[in-house]
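There are two complexes below, and they share subunit A, which is joined by subunit B in the first and by subunit C in the second.
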Partner chain A sequence: MSIGFWGASRRVFDLSLGEMLWSRRTIFMALVVGGPVVLALIVRALDMFGMSALRVNGRAVGGIGIFGVMIWMLFLRFIVPVLAVFYGTALMADEVEDKTLTYLFTRPIPRGAVLVGKYLAYVACTMLVVLPAVMLVYFLVVPFREVPGTFTSLVTDLGLLGLGLAVYGAVFAFVGAFFKRPLVLGLVFTFGWEPTVMVLPGYLKQFTIAYYLQALVPHAMPSEGITSLLQGFFRETPPMAASLAWLGTFAIVFLWLATRAVERREYVLEQ
Partner chain B sequence: MPIHDQGYRRYGGTRAAVGRAWQVIAGAGIRSIIGKRAFIALMLFAWAPFLVRAVQIYVSANFQQAAFLAPKGETFREFLGQQGVFVFFVTIWIGAGLVANDRRANALQLYLSKPLTAAEYIAGKMAILFLFLAFVTWAPAMGLLLVQAIFAGSFAFIRNNAYLLPAITLFSLAQVLLASSTMLALSSLSKSSRFVGIMYAGLMFFTAALFQALRGITGSSSFAWLSPGDALEQLGDVIFRLEPRYDLSPAIAALAVVVLIVGSGVILARRVKGVEIVT
Partner chain C sequence: MSKKTRYFVLVSGAILAVGLGTGLVASYMGLPVSVLSSAAGPDELQYVPQDAAVVAYANVRDVMNSEFRQRFRKMEPPSQERDEFEQKTGLDIERDIDSVVAAFMPAAEGVTDSPERAAVVLARGRFEAARLEALALEHGGAVEDYKGKRLLTHLDKDPADGTMAVGFVEADLVALGGIEAVKRAIDAAADNRNVMSNNELMRLVADLDNSNAWAVGRFDALARQARLPSEVQSQLPTVSWFSASGHVNGGVSGILKAEARDEASAQNLRDVVRGFLAMARLQAGSRPGMQQMVDSLQLSGEGTTVALAFSIPSEFFDALESMARQKQGNRP
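Moving on, here comes the complex of A and B:
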């Protein structure tokens, strides 16, 4: 008995989520998101001893400022794209490397459903690890009295990080399904193309995900280093609705392209 | 002769002296990499900045109006700094699978059952990475010095900046050793080259992001030692006799780089073994 596309995707999702959550990769992911938590603990400890960590012109800056720096520097510019490259490019490549793709492709389900199921498992898995870490960082760094006034920015941050994981994941799922060297290409896109184009004037930055994602950040961009200064100088902020629309379009288009690539590509397993 | 007629025969070939087997590993690795067209394209691309700088030197040497483009000691430091991006991608491309692929294919035991020591195996693998990384750092930087002398028609610049020869060599060596030893150590930790690649990217970029975050929070750049890339940059400034960019003692920056290289060596010594105990 064959099941429909979404039913098949759900089955693959169930199977893959368990595999992803209880794998050694989750340790890597925990280490990556553990860094900001440790940093937040240090900031909290300094604050408890009356030594405020962040100072601008000699004056201590509030916890939400520190939280904003961490969202920009650690989560948005590093953790989200790297986890997406790591998991997104591995969705199909892992099965090819382990020579287990045959078992999935010989099931009476559409090939594309395998990718979609795995992609949804990736989104769920990364969100389950990253978003609680962000909340932990927030409650460690932001003093309790500031919570009521800043909680909406936390919700916005959680939403945009989730969206970032979904969109970057879709892009790299396509890269992983279509190209032979997905990791190198993914890293070139994340650490080569996006940072370079973001500091250039003109329209090229519209061909990045960071451009739309950074427009949604409720915190001011930190201006440390020449790259940040240049980016701040040439920064244009697209309207929120346009950013959301473009990010949604990217996610859908790349996921569709990835599905198409998996449906059409002939995978050759090395003997 | 039919195959069933062949019995035991003594090995008729020559046996390499102890300590030279690494050349076999290195030679085989280099040949297999040179055969990849995409990689050759990457290497050519890595030489593009050399061409740009060569044009800059040519213009400055031949046109009075463009004298402000004339190279200084700083130019070579900037050039090597720019090559860092190619060092990163070449390291990932070549290095990620160097040991990981052998571990995946259970070939390590096979290699080390031959007259090949673990040290020779590591040296051979490192030589592959070392050669290609030197080809995108030391070779073009030295080439630029040569180009300057050729276009200027004198060795005056080199004579006046004699420190550049050891500076380029020392900084390139630091860049190449740091990248190759770290990558080889990471490669020995996993059987998946993709995982190794992402671990290396994580090590380089996460530590850099962590340093930037700390810099943003504290307003001080004294935490540059946390990021191997930034520690190396600080070291590079000192080697090229420039004003250091971070509030970090050069000794600490050097120590951070040395600790990472030595730590990588320790990991390699523990991981590259002829026997594997499966638990």
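Moving on, here comes the complex of A and C:
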């Protein structure tokens, strides 16, 4: 009995979510996401003892300032792209490596549905880990009296991190489905291409995800080091609507390209 | 989906739901600052009327004892007027004043400001009330009681400035200003209807970090008082609130904060400031004093907030001092 594309995707999603959550890769994700939570605990502990975790020019930085720095430096520039690279590029590659792809492809379901189901499982899995971690960090770092004034920033942060995971994930799902060494390519894109073109003048930065994602961040960009100085100098901020439209387009186009690649590619499993 | 996975999804979802729910309640139920933390700011704020648009504070004792003040004191010429003032009033501003709070209460838009009610200054320190009273009477002043507080009043030479008053509101606290402003200060404390129940302003005060001088307030009140041409006013960024705080010791460090009306205005303002900072860094070039100062400028802020922190190290003033000495040495 054959089922429709979305029905098949849902079955693959159900199967993959558990696999992803309890895989060895989750230990890596727990370490990456647990870091900011541990840092936030330290910040809170220091605050309770009347000390300040972050000082600028000898002056203590407020809770929301520290939270903003953590969103920029840890989540946006590191955790989101890294999780997307490791999970996104492995969506199909893991099945090839484990030689289990045959079991999925011999089912009476469209091949593209396998990728879409796995992609949705990746989005759910990473969001279920990253977003609660951001919530914990926020309530540990930001004093309760500052919550009313900063809550909209938190909601924006959660939304843009979710969007970032979805868009980067779609791009790396395509990279994983199309290229032979997807992890290397993904890391080069994340830590080579994006940081480089973001500090250069010109239009090249429009070919990055970070350009549109950073335009949505409600916190000021931390001005540390020469990279931030250059980025601040050449920074252009696209309008919010344009950023959202481009990010949405990237997600849809790359996911479609990834499904086409999976449907057309002939996988040869090494014996 | 296995049981383990389902539990994980439930726990993650619960953390998100509880966090979002708490934030929503805190944001939209309008929890006052006093519920969430102990009252911020100095005790004198209980004498500041609720409708104050700008409040400023200076810990005079800290500033006077600072290395910064001592450095400039050496360079000051002797002042005869200051000595005369001390002889007449028995008040040495450097020694006898501990702290000062100033509040500015502009009239509503379209209403002419009255100097009698526009501003009040609250000074805490050691005052010789009897000596000041005698001095006031000697100079044509009058003494009256208002709600059990002694007021010294004096009609200004220019009638447009109205009657000025000094109110002894506590043993070590005086209120100075127009008669109406001083009376309103006494009312504010007596009726407990003071700036401490102005949540927006107190939120800014609560954000200040152990500074020995600060000012917070509504930006429109300042801009209106500056009487800028309408063309210039329309070009001003849409800043609704501002705060400035500083710590004076060997050097001077501080932070300037502005709250824009919306996130887009704040983003624009941040971009403009960031551009100026980049330009200033390039201009500072190889001048070590300037470079140190420009390097200390740090832009931050999130949402509708824009903040610029600065620090002028004591070395900068050392350089200024040596330049001043050099100039004096070059004079014939």
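Criterion: the second predicted complex is superposed on the first by the 271 of 271 C-alpha atoms of A that agree within 3 Å, B and C clash if a C-alpha of one lies under 4 Å from a C-alpha of the other, contacts with A are read in each partner's own complex, and residues count from 1 in each chain.
By definition in this document, a contact is a pair of C-beta atoms (placed from the backbone, for glycine too) under 8 Å apart; a residue touches a chain by one contact, two chains touch by 3 or more.
Since the model is a prediction, treat every value here as computed from it, not as a measurement.
Asks: Based on the superposed arrangement, let me know which partner A:P143 touches: subunit B (first), subunit C (second), both, or neither?
Replies: It touches subunit C, and subunit B stays clear.
Asks: Just to be sure I read the superposition right, which of the two partners does A:M73 touch: subunit B = first, subunit C = second, or both, or neither?
Replies: The answer is first: A:M73 touches subunit B but not subunit C.
Asks: If you stack the two complexes on chain A, which partner ends up touching A:P218: first (subunit B), second (subunit C), both, or neither?
Replies: In the superposition, A:P218 contacts subunit C only.
Asks: Output check: A:V85 vs subunit B and subunit C. Expected answer is one of first, second, both, neither. What do you get?
Replies: Touch status of A:V85: first partner only.
Asks: Please work out whether A:E97 is in contact with subunit B alone, subunit C alone, both, or neither, and reply first, second, both or neither.
Replies: A:E97: touches subunit B, not subunit C.
Asks: Determine, for the superposed model, which of the two partners subunit B and subunit C contacts more residues of subunit A.
Replies: Answer, by number of touched residues of subunit A: C.
Asks: Identify the residues of subunit A that lie in both the subunit B contact region and the subunit C contact region.
Replies: Subunit A residues touching both partners: 56, 222.
Asks: Which bits of subunit A are touching subunit B when the two form their complex?
Replies: 25, 28, 32, 35-36, 39, 43, 53-56, 66, 69-70, 73-74, 77-78, 82, 85-86, 89-90, 93, 97, 181-184, 187-188, 191-192, 222, 224-225
Asks: Give the list of subunit A residues in touch with subunit C in this complex.
Replies: My answer: residues 14, 17-18, 21-22, 56-62, 64-65, 68, 128-129, 131-132, 135-136, 138-139, 143-155, 158, 218-220, 222-223, 229, 232-233, 235, 237.
Asks: Any idea which subunit B residues touch subunit A in the complex?
Replies: 38, 85, 88-89, 92-93, 96, 192, 194-195, 197-199, 201-202, 205-206, 209-210, 212-219
Asks: In their complex, what parts of subunit C are in touch with subunit A?
Replies: These residues of subunit C touch subunit A: 1-2, 4-5, 8-9, 11-13, 15-16, 19-20, 22-24, 26-27, 30-31, 33, 36-37, 203, 206-207, 209, 247, 253-255, 263, 267, 270-271, 274-275, 277-278, 281, 296, 298-303, 306-307, 309-311.
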